[in-house]
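Same chain, two partners: chain A is paired with chain B first, then with chain C.
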Partner chain A sequence: MDCVATGGNVKVLAKAIHSLSRIGEELYLEPTEDGLTLRAVNSSRSAFACFLMSPLFFQRYQAPPDHAFRCKMPIKSVQTVFRSLSSLERSVEKCRIEMNTEKCRLRITLHCKHGLLKTHNLSFQDCENLQAVFDKDNCPNVLRAQPRLWVDTVLHFPPSLEEVSVSVSSDRVWLRNHVEDDADSSKAMMTELCLSSEEFDHFAIGTQTTITFCLKELRGLLVFAETAGLPVSMYFDEPGSPVVLNVTDSVLEANFVLATLSEEAHQRNHNNNKADGPQTELPPDDFMCDDIDSYLIAMETSDLAGPSYEPPPQTSSTNRKSRLISEEEDEEVEEDSEERPPNKKFCSLFFGSVLPASPQPSNQTIQSQEVLASDSEDERPSE
Partner chain B sequence: MKFRAKINDVGCLNHFTRVVNTITKLTKTCVVRLTVDNIFFILSGKVANGGVSMWCELLQVNFFDEYQLEGVSEDANEICLEVNPENLSRALKTAQNAKSVKIKLTKKHCPCLTLAAELPSLSSISRIVTHDIPVDVIPRRLWHDFKEPSMPDFDVSIYLPPLKTMKSVVDRMKNLSNYLVVEANLSGEMNLKIETDLVSVTTHFKDLGNPPWGASQSQSQSRDVEAMAHARVDIRKLQQFLMGQQVNPTKSMCNIVDKRIIHLILLQEDVSLQYFIPAVV
Partner chain C sequence: MIQYLCLICNCVEQMLDGGEVTVEESKCLQANAFIQAEIFQEFTLKEDVVGFQVNLTVLLDCLTIFGGSTVPGVSTALRMCYNGYGYPLTLFLEEGGVVTVCKINTQEPEEPLDFDFCSTNVTNKVILQSDSLKEAFSELDMTSEILQLTMSPSHPYFRLSTFGNSGNAHYDYPKDSDMMELFQCTKTQTNRYKMSLLKPSTKALALSCKVSVRTDTRGFLSLQYLVRNDDGQICFVEYYCCPDEEVDEE
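Entry: the complex of A and B
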């Protein structure tokens, strides 16, 4: 492999690396004829991110001849190469990424002004294919907006917030913070943002629904999309099936696939009036019908309808978790049944039916590699 | 009980935000007392918060374009709420360029102050963001804690030097000691002192001036103008007070009751903030 990126594309590449670093600890790199793919997955396997830089993204692009080369390396070491974006912008003229297979090193050379060359030799490991299973084109719901809108939206939520719920109706989108059952919800500030469909470049809602997913990865993608100035599309279906965040341009594509809370868990959390297309019945926002009396809620009367968050009822979280695990067992057919993914509430739905892209080298690998197993330090039965 | 208020003006919104931010720096939790004319932010001196107390008073009419209040009853036309000011400050922060901000008392999953901001958007329909800030409604029988603290019968009252200057002095002293002695006399001199086994540091301020309090303060009338009154206080409490200052006070002063308390007062047209730090031995 030998590829050279120049000018602004070096920064785009750097931003892609930074985005991926928010997902996982390792960067999976695979040069193919379609371009260079950069991937990452989080430790609980509930989030997957993939960038594909097409050959045209590069000034020069040569895929390796044997077609089956892939490797992974700690993302921190790659981040070090691209650490300072401002100095990249100021001084780096081009960036060359080449593979030295003899020495097993990935060499990244930054060609800076005044003929300065910075060469980084990174060690890497061979790895299995990493690909999430998703089908964004069949998602009934698509929202596309300029990165600014997403950034402004996310800004309203505190940095400490982990999960956000998105509800859609035929002409509105609501975002609200998701609070866990066990958290003391009575003390948490609830935030809700309502956006009109008009603010979106593309707004297609097939099923009115509410999904809950992690905010961290969305923030990660926004870092990239904002610099690149590219619109972000969100494809999603029912709660429990993954949400896909996509950024596409003529020379690159990025897909972030995130698990959403399964319906059962979800309904428990938003049990009243939120889960299944109830948005049609939601009263219009109170700014729309500016009836003063509607604000003046006597403290004693509690039967107030409003678009805002209602309290999650106390539920047993163990129930929910055990259900998620059984679901995983169904889905992750190839996984050794004794290897459980970590007991987290977002299950890893994506890696179930992955087969290596090239059938020939790696049925062997796929049995022994860790990719289908969890990265957790959980006890695994000794083999 | 009903409360609803609305701010349309960006200047007022920023001003209100700065006041709330100041309160946030001073305390994790405080009492908001709403009356027909005023909003108060109150921290009453409890042992748990180091005996520090705070009294901040706003004239509602200078902040809000609409303001409706119905208290718990006709003879007690006010509402007392316990609030985490940080939530309020965070909510206001996301409303910075809002066209309007409404604050109302609501009953959601628990009593809440709901702050709804109408934000500019890319389309003809505004973005609406609402924050439900959980509050505790304080029953009337506990209200007696939230009376305006009476002015202590101080020994010396003095205008403070610029708070930024004071802050940079106190910040450095904090590295050396946990306690700081504030002393001042009636001829416009104030000293900030720390004393440890290893080092003594004093910063002297002069020509600060002494506020005229009239004849009511008898104790200071008969006092020797050169004699220092002093109080030893927890340096962090003083630092908190100086750190949080986002209101630009037209007047700032300090009253010292010898060996007992310092009483800091910031005055602005429509806001006043009083902060009491007890002396330690």
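Entry: the complex of A and C
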């Protein structure tokens, strides 16, 4: 792999890495013929982010010719390279990223003003494929707005706020802070904003619903979208299904997939806030009798080594809504978390391990994006 | 002129190298500051050479006795007096009409370390504008224990390298860069210096506008920072650092 980004695109790349650093501790890098993919997942695996920089984003782009290659490295070490955005803007003219598989080094070279050359040789590890399974195109609800609108909206919520609820009707959107069920309602402060559909570039609501998700990752994406000046789209379905935040340009695409609170938790929340306007307009919940915490974003993890790739066998969109968490998996998720204990309601994860298959890594991303959760156990033996 | 410098040099030497402990214990680093008489509004010296030693921490505490805050328009005036051998160093500090008098006991000056860094033994020398090094030093990977310096008449000319947890990094300055004011390298030299020893010098780097980097035949490093104050007057801060270990030259 060998690619060169110039001018403003270096800053875009740096911003992408900074916003990924808000998601997880490790950066997953995969050069394919479709472009350079940068991914991160949080420790509880309830949030996943993926940037795809197309070959046109780069002045020069060469994917590894023969085989699929992917690696991961601590995102901090990559951030070190792009540490100061102001100095990047001021002095960096060109950024070259090369992969040296023999030496197991990712070389990032920054060509700066006055001929200064900064070369960083970062060590990396081989890694499994990391891909969240989501299908934004079949989401009935789509909101698209300029980053400014999202930033101005999010600004009203205190930085400490973890989760935000979004309710939609046919012509309005409400955002409010999510209050824990057990929170003392006399002390809790509610912040609620109402946006008219006219504020959005695109406003398509198929089902009136309310979803709750973490604000941190949205903020992370907004940092990127604002710098890039690109509109942010939000795709979502019903509570428990992941919300997809998307930024698309002709040369890059970013998708942030976040778990949402399950129906049941919402229902309780609704009951707590009966007086609120928007909720009374919402249709009744269909799945309120359920006691499982949430639906899942499925994560596939597959081995590197295999020569070929096939989509996971039992994958079909009908599986999307199946509930996948068993007690066992729940525990595993908790063990996995290091940076912050996952909110139980967001432990919506599923690990499927698939041995990779045919040499079509370039399609893999797209394929698996359309593939939905398989509801089997986490370790799948080789086929 | 020389006499003037010596007095100040002796007293400030310890100020900038982080105290006599650094100099006397590790014996790997020495810092000297040369402050010209013109910096002072008034400068009187009765003897040819005056030398003494004071505790650096105490001196710094006294100099920042008004808090050392940088409120615009408010500055502390200083008068420094020394009566001769055995007398304390007396500081008069004034800010907003309040005067504080500090007396610091002076000590017998210890023999300063002689790094024997002689310009005839210098193999490589470059002078850089500080801005380019400031950026590099602010970004250096501090998980690396050493900073490796390569100076060479051919590629990579002037290279700073670190070897940290996440990999290694090289900063290359070509000899024809705008930032390079002088480039005199006769032989390829690669030496390693302890990051912990070089770290204190970044304070002087931050204040400076130019820096001269020299290495001698033994691999000893001399860093000279040219510091220009608001009135355009010039001071020098100089560091000598001994190499960490021998590195095979390619």
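Going forward, the second predicted complex is superposed on the first by the 275 of 383 C-alpha atoms of A that agree within 3 Å, B and C clash if a C-alpha of one lies under 4 Å from a C-alpha of the other, contacts with A are read in each partner's own complex, and residues count from 1 in each chain.
Here, contacts are C-beta pairs under 8 Å (C-beta built on N, C-alpha and C of every residue); 3 or more make two chains touch, one makes a residue touch a chain.
Just so it is clear, the model here is predicted, and its values are computed rather than measured.
Novice: Just checking: does A:His120 make contact with chain B only, chain C only, both, or neither of them? Give me first, second, both or neither.
Specialist: second
Novice: Looking at A:Lys76, would you say it contacts chain B, chain C, both, or neither? Reply first, second, both or neither.
Specialist: Touch status of A:Lys76: second partner only.
Novice: Which one hits more chain A residues, chain B or chain C?
Specialist: B
Novice: Spell out the residues on chain B that touch chain A in their complex, using ranges where they run on.
Specialist: It is residues 1-2, 4, 68, 70, 84, 87, 90-91, 94, 102, 104-112, 114, 116, 118, 121-134, 137 of chain B that touch chain A.
Novice: Which residues of chain A touch chain C once you look at their complex with the stated criterion?
Specialist: 73-74, 76-77, 80, 83-84, 87, 91, 105-106, 114-123
Novice: Could you please specify the touching residues of chain C with respect to chain A in the complex?
Specialist: Those in contact with chain A are residues 132, 135-136, 138-139, 141, 165-174, 176-179.
Novice: So in the complex, the part of chain A that touches chain B is made up of which residues?
Specialist: 146, 149, 152, 155-156, 158, 185-196, 198-199, 285-287, 292, 295-299, 301-302, 304, 306-311
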